[in-house]
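Some notes on the structure that comes next.
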Amino acid sequence: MSTPLLQVKGLHAQYGPTRVLHGIDFEVREGGITTILGANGAGKTTTLRAVCAMVRTQGEVWLGGERIDGKATEAIVRAGVAHVPDGRGTFMNLTVDENLRLGAYTRKDKEQVGEDRERLLQWFPRLRERLKQQAGTLSGGEQQMLAVSRALMLRPRLLLLDEPSFGLAPRIVQELFEIFGEINKSQRTSMLLVEQNAALALKLADHAYLLETGRVVISGSAESIRNDESIRRSYLGY
Amino acid sequence: MAAVLDQPASKPRQALGRKQWIGLAVLLVVACVLPFVLGNYRVFQLTLALAYAIAILGLNMLTGYNGQISLGHGAFFAIGAYAAAILMDKAGWPYWATIPVAGLVCFVAGFLFGLPALRLEGLYLALATFALGVAMPQILKYKAFEHWTGGAMGVVIVKPDAPEGVPLSQDQWLYFFTLFWVVVLFVAGWNLLRGRVGRALVAIRDQPTAAKAMGINTALYKSTTFGVSALYTGIAGALSAIAVQFASPDSFAIFLSITLLVGVVVGGLASISGAFYGALFIQFIPNIADQISKAAPWALYGVFLIGLMYLMPTGVAGLVRLLRHRWDTRRRSH
Amino acid sequence: MAVQDPSLPLLDVRGVTVRFGGITALDGVSFAIARGAITGLIGPNGAGKTTLFNCLSRLYVPTEGSILFEGTPLEQSPAHRIAALGIGRTFQNLALFRTMSVRDNVMVGGHCRTGSGFLANALRLPAVRREEHRLSDQAERLMALLDLQDVAQRPVSDLPFGTAKRVEFARALMSEPKLLLLDEPAGGLNHEEVDGLRQLLRRIQSELRLTILLVEHHMNLVMRVSDQVVALDFGRKIADGTPAEVQAHPDVVRAYLGAEA
Amino acid sequence: QSKGEIKLGQTMPYSGPASAYGTIGKVQQAYFKMVNDNGGINGRMVNLLSVDDGYSPPKAVEQVRKLVEQDEVLALFQTLGTPSNSAIHKYVNAKKVPHLFVATGATKWNDPKGFPWTFGFNLSYQTEGEIYARYILKEKPNAKIAILYQNDDYGKDVLAGVKRVLTGDKAKMIVAEQTYEVTDPTVDSQILSLKASGADTFINITTPKFAAQSIRKVADVGWKPLQFINNVGASVGSVLTPAGLDKSVGLITVQYYKDANDPQWKDDPAMLQWRGFMGKYYRDGNPADASNIYGVLAAELMVQVLKQCGNDISRENIKKQAESIKNFKSGLLLPGIAMNTSPSDHAPVDQAQLSKFDGKQWQLFGSVLGGQG
Amino acid sequence: MDLLLHQVLSGLATGGIYASVALALVMIYQATHLVNFAQGELAMFATYLSWTLMQSGLPYWVAFALTVLIAFAAGVVIERVVVRPVENGSVLSVVIVFIGLLVIFNSLAGWIYSYTIKPFPSPFPSDLVAGGLLSGHELGSMLVTLGVLVLVFVFFRFTPLGLAMRAAAQNPVSSRLVGVRVGWMLALGWGLASAIGAVAGMMVAPIVFLEPNMMGGILLYAFAGALLGGIDSPGGAVLGGFLVGVLENLVGMVLGTELKLSVALVIIVAVLVVRPSGLFGQVHVARV
């Protein structure tokens, strides 16, 4: 087995005085896709936030052999971690184009950036039509496309995806997951995926963790979980 | 700017508990005893502070609860003061009769100003109100109105005596007169803010579109709030003019407007009790700063202001609320 | 006032067009909704579904066309009268009053069903007290229905997304609507929760006698719960019929559902 | 040794729009420190409580009440500003507190019948205006006059003085009037309008900053009127130098005390003494600022009153002595000018002399003048 | 008509003053989404600083450059030390801190330098230009304002840093997620605004004379100008500044000076009621 790109040990997280994560361990392989599943309020979003230091945490987070907990969010991003956040995080008053430019803000390889942008606009032609439009006027699904595109503009080593299918039409969801698979193969981008559609997530991922009120209750290869009828019934409800 | 007013969560608006009633009663008793313990000059100062508290509550309704920033509320303070002064000096009205009229005049003025202000948000509203505050002294001085306003010289009014048979000094009497208005206006304000209207005000501040979709006539509510806010501030202006016995354009320079806003924020945005903390701050801190340093009293005042915002980012009322919350949870856990 | 013929549609959208500068968000859309039905509104992202909702709540004014609600054109009423007419809604991206408690949020929903003004409130007249009582009873019931009692005093800004959506739901129901507009209520819910939502929708439809217009990308939900489905693409209506008909419509498959629907 | 202290109180604009005048209070405190160091007055120390009112009338009322009721000052001295003094006028007279030598030039302070406890100090603004107007009537009877004044009680008072003389058909001599607010950044536009009126005479009723601006602007736009600058804005150090001495040639003003930066008083004994005092007791003070002479002049008068009081330091006696200033000649006053009061005259200064700026210093001319009073 | 021309040009000259301060306001707004009411006092203090430097014998341009640098550093430090702790509080508590800064700087300047006005040198020839309608300094400072405008415009429009700064002001959380160092953006914004303010102060002082209150009135007009033009548009703000200057003079000429300020403000507010985002401001649509 190859070395983990992201390794998390004993991660706690809290909002103000309320603890939400109670010491979880998980990892994402170099070039792998890990998914975190769980019910509403289980702490999935918080886990992704904890990885890039958006909440108060304790515990260890290692990225490619370097410890990143305690670093500032922007430093973690600069280390190659992109995040499609819960709620999209659109820069409402900037244009779509400016939103995309910001995605690549930390990159130095300007030519590559141009290529990447072009490819994204091919994937999401809607965005090309709207390039000069104020991003806040986009429809919900269009903003979701923008959030994914903005994260991809970073050409990250690790991509954190918080319900990327949120608000997207069925056809787009299918295409999006194909795109993730493609990027994962061609650019060896590792991914940590949180998704309500467990079937979809388990199809894409190679590894899965099940979260319940801030604790990992089950982990294993995506395949094994997908095939385990009882887990599916009791935890995933399908 | 206004859209992101970051208020502490509004507490559940329920009726007061028994303990709070007792606390209020004690406060009221203390307020009634004070003028007999303190010298006339202190009583006079407290009277001014009470008047400020009314003005601050008025401004807080607008800015704290409804999210409309006003940098020019001194203008309504001035209108109220002049209304009282002119009625007393030129029309010979008794002082007590001028208060409701001052309030009414300011309500109309505030409501009318609130109409165009509906179109403006955040900084743009701040500019419009600022402009009002800056322009007011000039308008008061304007020669066409000089006959009533006394121009730059202002209006001198006679200080009312206590009614015959009431053994109180002028200052004490005026203090109780002001206290009466404080009680009336705070009870009314409290009623207003915890019911249907109060919820609507906060809803408009937090999410105007949804508020409209919930059936709130945002335009009417916003301009009426402007009116009510001006009414409070105007009554405060009238009371303070009677206490000071004088109203002149220089009494209502733009700094008064800024001071009122300082009172609101220092006391605590969207808080009723905060009005009193804010009033005490703006009434007494400048004097303290002046006593400490003649060289640069306001530098010191500025330092106080910044220090206070560090220590209590949600104002004094916010801190009090926090402490009370801690205290409660600690006691409950025992 | 026209006398209401119960066989008439509750909502009649007639040739509605909305343009923003060069963008045509809705392009001559017409359809009708029968009283008591659940109608699904589907379409690709940016098809104009939310825009249509915004027209129904008068936040947008159609460039062309008109909308009849109970036979009366909506454009005669200002936005803040819509709730009182009986159209309630939730918002796609949440539009809660974020500093207020869950309870207060829900209570605001009842604004259009109460009438006390500034003066009456300031004096806290007996009528105001009664009104407040009625409102808070109603809010209590709805919070119970939507399982919100535990968080009643929490500020909504702390809530997880799913819970916040339920608060929106309760707030909309508080206005006692005849027509309820739901914009992606299943967003962010997992399988099981979607199923719960489906049952809830059915329940309130029958118990509260509501008509529901539902925007949703969750096909499973839409197809199982709707009596009628309308599909939009690029602002135009491309299909309108029973769930089965619409699901099989080639344009819908191509534009919206994709290969393996 | 010490027979106790004499407590005086005053309000000053240490903050707010008129902070520039705060130096008066400071220089006076320094002056009384010097007096005390030299043994006080009749063995008594003078304690001047000087408090801030931010140039706000309500604040002034509050502070004065504190001084009177809590600190129990014997008298008020040089409370500054027309609005502030108007606000406390009634109160101090009702309380029978000597309200001495207020630092404003309004005429109303000299009203011994209505307000027996109040005393003015400055040459009254109206008198000053009258002097200019009378000079114009005499020297340039066909003048077309333009006036710029500050839009407040001070500006309007000087203007009223001018108009009191130019009555009847003489009123038509005034061809243009413009005002400005203290908050205005510049008065350029006003000067342009005044110039365009075709006026050949300019009465400039402005405070130092605007005086300097307008003097410079008048020169820059090539307007060459007969130009009067009111006493408030006539300081060589703080107005004419910044404006440009060459641009100030020919200005006419009215003076009653000496200008610290005027080279003609360089070796004047009183001025030398004043400079020595400034150097020793008020290092922070700016010697170019005329307010520091003004403040000392008033303090000297106060000392004179207290000296006259002898051992009877009562409010009645202070009032009585303040009404009995006879021919008090401070070295800081221009030669030939003296201060006088009486029970029917509560204005110590009612004389002044015209002077013309020659590019270096003010040249006094004509005789010592008095107003209609 | 001669007077009209005179008044318009003189309005442009004073408008240039407002425009230069308005630019500083736009700068800070873009970087923080706030209007810094202490901006004027900061500029005034910087101008005193350059005055001190010149008094100590430095040539004008050396003092100028040094002042701009120091003002930049001071802006950064003030943001880091004074504003940072309240940054997460409500907008109004930040505004209160601005007011605190305003009175502190005003009061300190009065204390250190006294309230007596001081002449301040101009780097431009004192000859009259434009047929005697403008002074060399007025023309020169207008050019400086336009120069600064071009820099600010290019900075925000075309540089990644400018974009990052705007992003940081409107959505700090998302900005961090794309790797923008938000804290530094705010500090940088303060630094730049303070430097622009210093330039404005040094251009203003020769006209209005140096004194602690010199910026008080100007700030109001600059604020009005910036909003009239649109607070997020540098070009709009400059144009707004010039417009305010001219408008004020014309109102004074037509209606007399007594209500000049009030009438000018009423007109400005009326324009804003018609165009609530200013003449050139971006209209932000908030949709649901």
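In this document, chain identifiers A, B, C, D and E correspond to the written order of the chains, with residue numbering beginning at 1 in each.
Basically, a contact is a pair of C-beta atoms (placed from the backbone, for glycine too) under 8 Å apart; a residue touches a chain by one contact, two chains touch by 3 or more.
Chains and their UniProt names: A, C = ABC transporter ATP-binding protein; B, E = Branched-chain amino acid ABC transporter permease.
Please read all numbers here as calculations on a predicted model, not as lab measurements.
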| item | value |
| --- | --- |
| Shortest walk length in steps over touching chains, chain A through to chain D | 2 |
| Reaching chain E from chain C through chains that touch each other, fewest steps | 1 |
| Farthest chain relative to chain A (centres taken as mean CA coordinates) | D |
| Interchain centroid distance [CA atoms averaged], chain C/chain D, Å | 74 |
| Inter-chain centre distance, chain B versus chain C - centres from mean C-alpha coordinates, in Å | 41 |
| Centre distance in Å when chain A and chain B are each reduced to the mean of their C-alpha atoms | 50 |
| Whole-Å gap between the CA centroids of chain B and chain E | 31 |
| Where chain A touches two or more other chains at once, by residue number | 137 |
| Sequence positions of chain E contacting 2 or more other chains | 103, 107, 110, 220, 258, 261, 286-288 |
| Contacts with two or more other chains, residues of chain B listed in rising order | 7, 134, 138, 141, 209-210, 295, 297-298, 301 |
| All pairs of touching chains, each written as two labels joined by a dash | A-C, A-E, B-C, B-D, B-E, C-E, D-E |
| Parts of chain D lying in touch with chain B, wherever the complex brings them together | 14-17, 25-26, 50-52, 54-59, 61-63, 65-66, 68-70, 81-83, 86-87, 89-91, 151-153, 156, 181, 183, 284 |
| In the complex with chain E, residue positions of chain C that touch it | 50, 54, 59, 91-93, 95 |
| Complex interface listing, chain B residues touching chain C | 7-10, 12-13, 188-189, 191-192, 195-200, 202-203, 206-207, 209-218, 224, 228, 270 |
| Parts of chain C lying in touch with chain B, wherever the complex brings them together | 57, 59, 78-84, 89, 91, 95-101, 103-104, 107-109, 111-112, 114, 116-118, 121-124, 128, 131-132, 135, 153, 155, 157, 171, 175 |
| Of all residues in chain B, those that touch chain E in their complex | 1-7, 63, 69, 116, 119-121, 123-124, 126-128, 130-131, 134-135, 138-139, 141-143, 209-210, 258, 261-262, 264-266, 269, 295-306, 309-310, 313-315 |
